[in-house]
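Order of writing sets the chain letters: A, B, C and D. Residues in each chain are counted from 1.
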Amino acid sequence: MNMDIGIIGGSGYTGGELMRLLACHHEANVVAVTSRSRKGQKVSDTHTHLRKIYDIEFEDLSMKEVASRSDIVFTAVPHGTAMQVVPALLAEGVKVIDLSADYRLKTEVFEKVYKIKHTDPRDAVYGIPELHSEVSKQSFIANPGCYPTGASLAAAPLADAGLIDRAVFDSKSGVSGAGAEPSIVSHYPNMAENIQAYKLTNHRHRAEIVQELTRLDGKLKKISFTPHVIPSVRGILTTAHIFVKKEIDINELTDIYANFYKSNPFIRLIKGIPMLSGVRGSNFCDIGYEVEQGSDRIVIISAIDNLVKGASGQAIQNMNLMFGLNETMGLWTPATAP
Amino acid sequence: MNMDIGIIGGSGYTGGELMRLLACHHEANVVAVTSRSRKGQKVSDTHTHLRKIYDIEFEDLSMKEVASRSDIVFTAVPHGTAMQVVPALLAEGVKVIDLSADYRLKTEVFEKVYKIKHTDPRDAVYGIPELHSEVSKQSFIANPGCYPTGASLAAAPLADAGLIDRAVFDSKSGVSGAGAEPSIVSHYPNMAENIQAYKLTNHRHRAEIVQELTRLDGKLKKISFTPHVIPSVRGILTTAHIFVKKEIDINELTDIYANFYKSNPFIRLIKGIPMLSGVRGSNFCDIGYEVEQGSDRIVIISAIDNLVKGASGQAIQNMNLMFGLNETMGLWTPATAP
Amino acid sequence: MNMDIGIIGGSGYTGGELMRLLACHHEANVVAVTSRSRKGQKVSDTHTHLRKIYDIEFEDLSMKEVASRSDIVFTAVPHGTAMQVVPALLAEGVKVIDLSADYRLKTEVFEKVYKIKHTDPRDAVYGIPELHSEVSKQSFIANPGCYPTGASLAAAPLADAGLIDRAVFDSKSGVSGAGAEPSIVSHYPNMAENIQAYKLTNHRHRAEIVQELTRLDGKLKKISFTPHVIPSVRGILTTAHIFVKKEIDINELTDIYANFYKSNPFIRLIKGIPMLSGVRGSNFCDIGYEVEQGSDRIVIISAIDNLVKGASGQAIQNMNLMFGLNETMGLWTPATAP
Amino acid sequence: MNMDIGIIGGSGYTGGELMRLLACHHEANVVAVTSRSRKGQKVSDTHTHLRKIYDIEFEDLSMKEVASRSDIVFTAVPHGTAMQVVPALLAEGVKVIDLSADYRLKTEVFEKVYKIKHTDPRDAVYGIPELHSEVSKQSFIANPGCYPTGASLAAAPLADAGLIDRAVFDSKSGVSGAGAEPSIVSHYPNMAENIQAYKLTNHRHRAEIVQELTRLDGKLKKISFTPHVIPSVRGILTTAHIFVKKEIDINELTDIYANFYKSNPFIRLIKGIPMLSGVRGSNFCDIGYEVEQGSDRIVIISAIDNLVKGASGQAIQNMNLMFGLNETMGLWTPATAP
């Protein structure tokens, strides 16, 4: 089953990462990559690491044209823009995976959190395959945010077990999460040897975490989230400070996690503490944990690559499932370490 | 008032940092620096940044000899070793500031946390001058740990106000906190582009945080602490997730902090979010915060340089106070930024 | 053609990198990985990024046993050790690629440079396939050093054209080149925000560069080399300051390079200036250059990943050729960027 | 002697660094800092590390007004702009140190290199005090470029001895050298784990190096220079590959350097190899070297902090000399290490 693939908005990090990963996918063939501002330029002039791997150019195409060439289209555009292109693609009958935030939340939540009117209210399955077995039956997927992927996977088994009283997610992201555009925050002299907390209490991604965890435990209310940027390019380490309703020991905890993730190849439950180096460049999510003795406190650590499991890799995993392929196809590659 | 200064254990980072800072202190004169293993070597062969600034050598001296030369002695040795040298120094009548953990905790707590027998049980004032005005009357000070300094200063005003229900400290430290000795964790290819959580639930420094905050609020019980190492050399950023007993607004919070720290020159309450770059190399502690609307949650961020306000700078601040000097003498220097 | 592969000395970076790359090679099957000190431990306990990818253990095996299981064996052991294991492997008739320095130089040069007696003098082809078409006919290859790969590829076309009067190679390597063992140099606080020049005039790798370039131009004598370690994990950027016998213009230079490398898939001649980010994790060697107007000076920049094209990737490229496979098999993957 | 100081253009790195260093200078008092775009904003809102140290605001002042308040004025504006403000300042009789490139080169050279017309041709002393004893008699100084300072100090003793046949300077700079404005090059994901060579054969700073070295040796012609940016914030390491007219041994070389720099407190001749960590934040220039045995080749390494000895620190050193003060006043502080 050879799939022709279109990418709307290919000049940013998620677009480049889709191409990097698809270069090693045996059934995938990138046939169209759009960028208005870089129309006619070689894709590899922007993504110089793709030289000799891709010889194609950015094009400025209608959605109809992209759909006609493709079996599936990835939309890698900013939120607010996706809702302008997705309807036209779906109308052509092509499968779509949207990497923006536009379809991740219920419409009323989206409008409240993003403070813009949604012009294409539409239900979509939230594409964390480990938490949504219904992915394989979809023709449209809302690909999750990077922080919510790391946080939800860290806490989902405990939420599913109804054990969480309070969850505090303290996340540390690499700088690539802020995109390919230079800014004061991403200026090397500002970011090196530094760490920047931001959106201390009200980051937009909190809504996705709440959505996913309350889906598993409707009574769970106390969910906090604070993100930080650290001097790394890739990766999100999430420290989940979980306070449980009743004390459990490490063996019970291990059983809960092992059972919950028993069919998920990309989840690695490890005995030590996960690090970014174990997942960099790969689609794995490493999870480790510790129970505080004589206490209601559990600390869970998850590590993902924000551009892979947190974006483009997860999108390809969703694509595989939507086409009935093994979800690991093209993604069963180790992290680049050291 | 010219002070002669001895340093016991001068080959590590805190010893080197004492010398770096004292080089700019007009009343200080370093007269003895001990190191058994480096006896006879120039101090600046180990601390190469001190070349031309210090021309002295490491010596292997008795405590009696060091005391006889000095007005004050800093002990910069590992925990367990300090208790072997401090009594002999104090017996000679010299002032002492111990940078190890040996005298920071009540003896029974120390023995439980560090799992060794204390051979010199003795009361000492815990040297965070902002929280212990009695420092100026002491001849012996237990200089605080780096994490507890950042965490205690972040939460002290709220603890003092009796408002805290639960405090979760998620701290991020530079690699210099692990000392000058190479290790697997500090190996550049392991640490670069990475972040390492450790001691998820039971780091020894938690006991100091508990001691300081319960001193301000005897009813406060729920105190959690998880440290991380980030790819920076210096600095500790502490994210304090505070859940309060009753909601307060940002103005009340600002008043509480401004009032609590109104006489403390090294505390900078800032409107934005503190970063390591603002304090690197300096003795400042920057504090910022945000209140989650309609919630019991407050997030407080503190930033210090772990080797300065978290160790050697705070020790000099204590020294200044013990000698009746302005606490800022030799320390009123800006951070090195960018 | 499915190949069974043995690795002697699998606990270091080159051993780990062989496994990382071979995981994506469709005809390769790693059947034996030796390590005396880690015998019985899972390979993925050392190389944690290989968890779930490799389930094998380190073994302590005789060369005979490894050879009996394997179609080809990679020796990833220190220099001086390789000469103790290679003869036994070759005696069993198995193909061997040695990643150490033991067989790269003529015996008399080796003994002079490494100051040890060679116990197994033996001719070997020096495995830079772009410069040694005879690789494909060999059963034993001496895999080149990392610096010599970058330097030789940068200057070979000009040497081949007989144009070089003087060549000064100023190379900048990532820290992984120093291996997996922690040291003072690789200690994060020493290496971050720093750069360390070393072996200013007499690094051992100079002998390999001299060997390769004088092979192309027997009259070339003036070859200098100075290496540096920069705060990056992977990669070698080589700045080749070339002074030519007669001035040539940029078009002539471009023709020389394009012609010389016209059949080499892993060489990418680019118009701009190569960077490590373009090759990180990949087997590509990017080359760019500039001619100083009205001068005898040409500056050539090459970028490789020291662990891939500078070690394990090049070894696999050699393996492919030795087995008559396409040299790009398993290696046609883009760099991990950003 | 208390000096009132004005700074024209205080929002960039060199302006901020002047203030950081002057905060520790006992005879200096910053009385005016101009910035058109930030008029009315606190200086410490831009340079957040200066909070509580400086309480002044940026002003938009005429040169006449700045001159009337000041004993000396530092112009920290881009090249091309300095020539528009310096004449007005000098006309008021105030001392001036210009940190731009406008007055460093002879007018005809400047116009050729910078490709703009000079509107204020004027002789100025090039302010490397170690090479220009006439600094102390000046009322106007052209403060040198960062690369030329490191390169010239590395090679000056050999040039002065008339020994150099060819000098190849391969320099590695921290990212702060590119200024405070974000750009594609300084974007953290582009710069981390990378190194960027640029202006391979024709960087503007080469003209300053040529000017300084040919001033010492009029016959010296072969001078090459290639700069690189490394993932460090501060510092320039210069690797000077020197080919000499006649072989000299290490003792002769040591005598030449020791004699040449015998009266210069900021030059540290060291036995090992200089590193950025030894000079970061300080005004020192560390120099080390090695002679290749049986060869005409010498490698000299110099390390400076580009913002201190390469810019603002050297400017203050010049100021001290212009006012008859000890050149080390306010600058005798060790590097911030680790």
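Brief remarks follow.
Basically, a contact is a pair of C-beta atoms (placed from the backbone, for glycine too) under 8 Å apart; a residue touches a chain by one contact, two chains touch by 3 or more.
Just so you know, these numbers come straight off a predicted model, no measurement behind them.
Shared contact partners of chain C and chain D comprise A, B. Two copies of one chain, chain A and chain B, form a contact in which over half of the residue numbers belong to both partners. Its C-alpha atoms superposed on chain D, chain A is turned by 180 degrees; the angle is given in steps of 5. The pair B-D is the one among C-D, B-D or A-D whose contacts match those of A-C for more than half of the residue pairs. Of the two chain pairs examined here, B-D and B-C, it is B-D that is joined by more C-beta pairs in contact. Taking the mean of C-alpha positions as each chain's centre, the chain lying farthest from the centre of chain A is D.
Look at where the CA atoms of chain B average out and do the same for chain C: the two points lie 46 Å apart. Chain centres here are Cα averages; for chain A and chain B they lie 39 Å apart.
Distance from the chain B centre to the chain D centre is 35 Å, each centre being the mean of its Cα atoms.
Listed for chain B are residues 13, 174, 176, 180, 189, 192-193, 231-234, 275, 277, 280, 338, each touching two or more other chains. Taken chain by chain, the contacts link every pair, so each chain touches all the others.
Of all the residues in chain A, the ones that touch chain B in their complex are 166, 168, 170, 172, 174, 189-190, 192-198, 200-202, 224, 226, 228, 230-235, 237, 239, 241, 243, 273, 275-277, 280, 289-293, 295, 297, 299, 301, 338. By the touch criterion stated above, chain B contacts chain D in their complex at residues 13, 16, 19-20, 23-24, 47-53, 176, 180, 192-193, 233-234, 265, 268, 270, 272, 275, 277-282, 284, 286, 332-338.
Of all the residues in chain D, the ones that touch chain A in their complex are 13, 174-176, 180-184, 186-189, 191-193, 231-233.
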